[in-house]
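Here come two complexes built around chain A, the first alongside chain B, the second alongside chain C.
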Partner chain A sequence: MNAFADQVLLLARRSVVRTVRQPANVFAPLLFPLLLLAVNSGGLKAETRLPGFPTSSFVAFALAIPFIQGALFATMNAGTDLARDIQTGFLNRLSLTPMRGIAVLAGQLGGVAAMGLVQALVYLSVGLAVGVRPASGALGVLVLLAFALLVTLGFGALGAFAALKTGSGEAVQGLFPVFFVFLFISSMNIPRDLISATWFRDLATANPVSYLIECVRSLIITGWDGQALALGFGIAAAITVVSLALASWALKVRMAR
Partner chain B sequence: MIGYTIQAEGLVRVFKKGPRAVDGIDLAVATGEIYGFLGPNGAGKSTTVHMLTTLLPPTAGTARVAGYDVLHQGPQVRAAIGAALQEAALDPLLTGREHLRLQASLHALPRAERKPRADELLRRVGLAEAADRKVRGYSGGMKRRLDLALALVHRPRVLFLDEPTTGLDVQSRTALWEEVGRLAREDNVTVFLTTQYLEEADALADRVGIIDHGRIVAEGTPTELKQQVGRPTVEAVPTDPDERERAAAILARFGEPCASSDGVAVRLRSGEADLANIVRTLDAEELKVEHLQLHQPSLDDVFLAKTGRSLEGAADEDEQERASRGLAMEPA
Partner chain C sequence: MKRLAVARAVAWRTLHNVFTNPSLFIPSIVFPLFFFTAFAGGLSRVGDVPGFHFPQGYTGFQFVFVLLQSAAFGGVFTGFGIARDFESGFARRLLLAAPHRSGIVLGYAAAALGRWLVTVAILTAVAFGVGMTIGGNGVDLLGLYALGLILNFAALLWACGVAMRLRTMQAGPVMQMPVFLVLFFAPVYVPLRLLQGWIHDVAVVNPLTRVLEAGRGFLAGTPTEVGAAFGAALALAVFFSLWAVRGLRKAETAG
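And now, the complex of A and B:
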């Protein structure tokens, strides 16, 4: 293994170890989305009787939400951990080694992606346990996991950018409610074509988070929907590319040495 | 010919909305030397260390560490140096051993060497028993010792220690001094040590540079610096307070009177050799004293002579000045 890969792997391992040693960072991203899924599935079940609703199982419809919420938690974890490294001077310690700066970002995001994958597997397992059967089959599950990984990486890089730019854990945590607003003004709880309030439907249509949710949803309840997949993967890839570019730039400025 | 491991010429660092934190300093630190960089808080010590360790680019001037230019050969500089900065930069969630193994890996130590090296350093800094405990449970002294061990993982030729004993108890401080001394003596490591403690510079450093407001105001061995500011003083406290005038008259034969809180004091004309003559004269004149003491000039006297301020008071003055000007210390 070359030195760079070795460094990335070690830093990713450190990121995972740190997360595991903070139980709140493990359980909150697992429990909170599943709790919300349970509440919504109970309270909004009647929605499935609406004409044109795409499935008779609200759990199958709503199972897409935890995947995106989990990625939002990844944003916060990646960002706050990195901000803590800046505040404690640990980033300076890393900067004083011959390590390439980008290994810090790659390692941190590698750890976040690994945790994101574990979260996705848990959400999926819970879905399967309550009777959801992804319409796209086993291959669809693999695509779903790959998509969850991409979204986690994209949001994680945004969190890392915020941390590197501000150096403050509080600033990163301040992003969380903003992202949640995006989640709530999306097609999270109802298909966009069934939203009766025009202004809300327009907002949901303009909101990129809607397409991320609809991509996951298509794999679970529709099967292979090329448009939903293209939009979902396209937007997730765009978010990832832009946020990685921003995070790399902020890292370069932060580690100007 | 002396080999210099750290060299700097006209090093300057200006911060946005702030003063010239480092204002044109020149340095030449010989290989294997312990160089003490002494000054109050805010004098520019840490900024200098940050520039020499490649963490902060200089605004102007040049510096070479271990033969490499800090601005253009950063990776080579970082491979040659170890640094323990002002705050022990540790991850509270990792254990001491995990820190060392991570550091060893990032310095690309061969795999087979990482574990034995970590074990060796943990033993050396007295953390073998606490090695598998998370750092958040360490005391301040333990964190400092781990910090030093981390700086030594890759056997650096140059060691930067930024106020390494601030906040440590006497025992931890002494242990750290011993280890730093051993590194310079036995391993020929060049040590650049910043401190605001006079006794630390005095006890450890082969040479001392005194920095104030970003400029080096004096430099030399502790003995040379003290000699520069003057001669020792002798203070005598007569047993009978009514004998103070007679005591002052006797002491005046050996030097110029100077301030004394309890008795009388003179700055010796011929240095400490006069002490024996003073004792003999006091005895011959049958003047009893309850206290007779020789005071060597301290580095604080040197700081006072060069800056017009006492080192201890200078830190507070600088803090007040910065607060009153509302200065932010952001990179320019």
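And now, the complex of A and C:
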């Protein structure tokens, strides 16, 4: 057990260190979601004047988006790093050592989760700095961070699966537009009940990303909403379980000794 | 004459590369359509915000933004190709072979225009397909597309200047991010008068605000700020022409 923990820690440390050594991988997931938040919260502030809009602060409403967008970046980072390990032969060399396959995945995802937590703390700090006060209080903040961690882990595992399956960093990068579509065809900019185009509302309702956003949003602007939390955590857990299973299977195939 | 021959050859090669490579061609078509769908469809309720009056509805309102965005990104995406040409060594061979090197920049600009014309034709067809109406006449529409054309040219020259200075694909975010920001710091979702706070102050001094507001005026058939819009767009094109030519000189010096 100790050897396994050591292996996981070593690989997690390596994952964090090489992310930190590439400023673009650190700043893009921090800056891009915050820029989008700034732009949208300025441009769409007028939306709060619509009857039925749940809050008078669009920043509070939109603060949920960076948490999910940051997790999407985690997918790219986890996948691209693992794909690079495959392309450079690092994974092959690892397979010659007594390193357990699952430690590779756990270490990689441990590093991604650590970065995800840092991102979530930054987004939260920015929100607090501009006057957003989570309606669910201090306990809600902890739940929010736990949720951000779970979502990052789920999407990170998905990126790892893509990398292990394809062995190509470009293929992993190619997933980004797909995730971007999921993000935009959701309730990210307007509550679902205020979407007037029926077809768009149906797409947003069928889109699991809507529920991830609404889970975070509920903690920030509503307080404790059991349904939103259950749906959010349920979907995030399902994504995580399925992605981890797929990534473990792909790793087994990739590291066949 | 030799300059035009160089421009024609560079343009043909760039367009051939784009239109025969789905991974280059499809995103430039799909992204504007996707933004049009997400904004015009998902945010159509924003048209009900008190004080929002645009005769052509929210679809028309967003069509103009997406049209201008596609023009700008048509230029930026072509800039990616220039960086790729430098990374692969092709651009250096081109610099050696071309008798008039400014023809290279002209060629890339012509390719960016050709690429955008295809994108905007599809975008316009889709917009009419989903029921967009126009209030302007033929001359107004010509004004709208002319603004897009100048913006496409200016964005290409910006991206070209960056690509020729950095000569690596890693310059992609440097080309893309400022254009993205300048576009989104304009009144994207609501008219300028409905913006509040810092975003309003930024939008007021953003040259693309004039272009966007004039474009929407053309579509509605009530042209506004036409002189300021064309002045701003042409000023950007002239400024980035100098930027691109200086970039070309730096690429020549780098060898």
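The criterion applied here is as follows: the second predicted complex is superposed on the first by the 256 of 257 C-alpha atoms of A that agree within 3 Å, B and C clash if a C-alpha of one lies under 4 Å from a C-alpha of the other, contacts with A are read in each partner's own complex, and residues count from 1 in each chain.
Following the convention adopted for this analysis, a residue touches a chain if its C-beta (ideal position, glycine included) is under 8 Å from a C-beta of that chain, and two chains touch if they have at least 3 such contacts.
Just so it is clear, the model here is predicted, and its values are computed rather than measured.
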Determine, under the contact definition given at the top, whether A:Val141 touches first (chain B), second (chain C), both, or neither. neither
Of the two partner chains, chain B (first) and chain C (second), which one does A:Val118 touch, if any: first, second, both, or neither? neither
In the overlay, answer first, second, both or neither for which of chain B and chain C A:Leu44 touches. second
Between chain B (first) and chain C (second), which does A:Gln22 come into contact with in this model arrangement: first, second, both, or neither? first
Just chain B (first), just chain C (second), both, or neither: which does A:Ala237 touch? neither
Taking the superposition on A as described, I'd like to know which of chain B and chain C A:Ser196 touches: first, second, both or neither. second
May I ask you to decide whether A:Ile102 touches chain B, chain C, both, or neither, giving the answer as first, second, both or neither? neither
Starting from the residues of chain A touching chain B, keep only those that also touch chain C in the other complex, and list them. none
Of chain A, residues touching chain C in the complex: 24, 28, 35, 39, 42-47, 49-50, 177, 181, 184-185, 189-190, 194-197, 199-200, 204
Mind listing the chain C positions that touch chain A in their complex? 27, 30-31, 34-35, 37-38, 41-46, 48-52, 173, 181, 184-185, 187-190, 194-200, 202
Within their complex, chain A touches chain B through residues 3, 6-7, 10-11, 14, 17-18, 21-22, 85, 88-90, 92-99, 256-257
Sort out for me which residues of chain B touch chain A in the complex. 53-57, 74-75, 78-79, 81, 83, 85, 87, 89-94, 98, 102-103, 105-108, 134, 150, 331
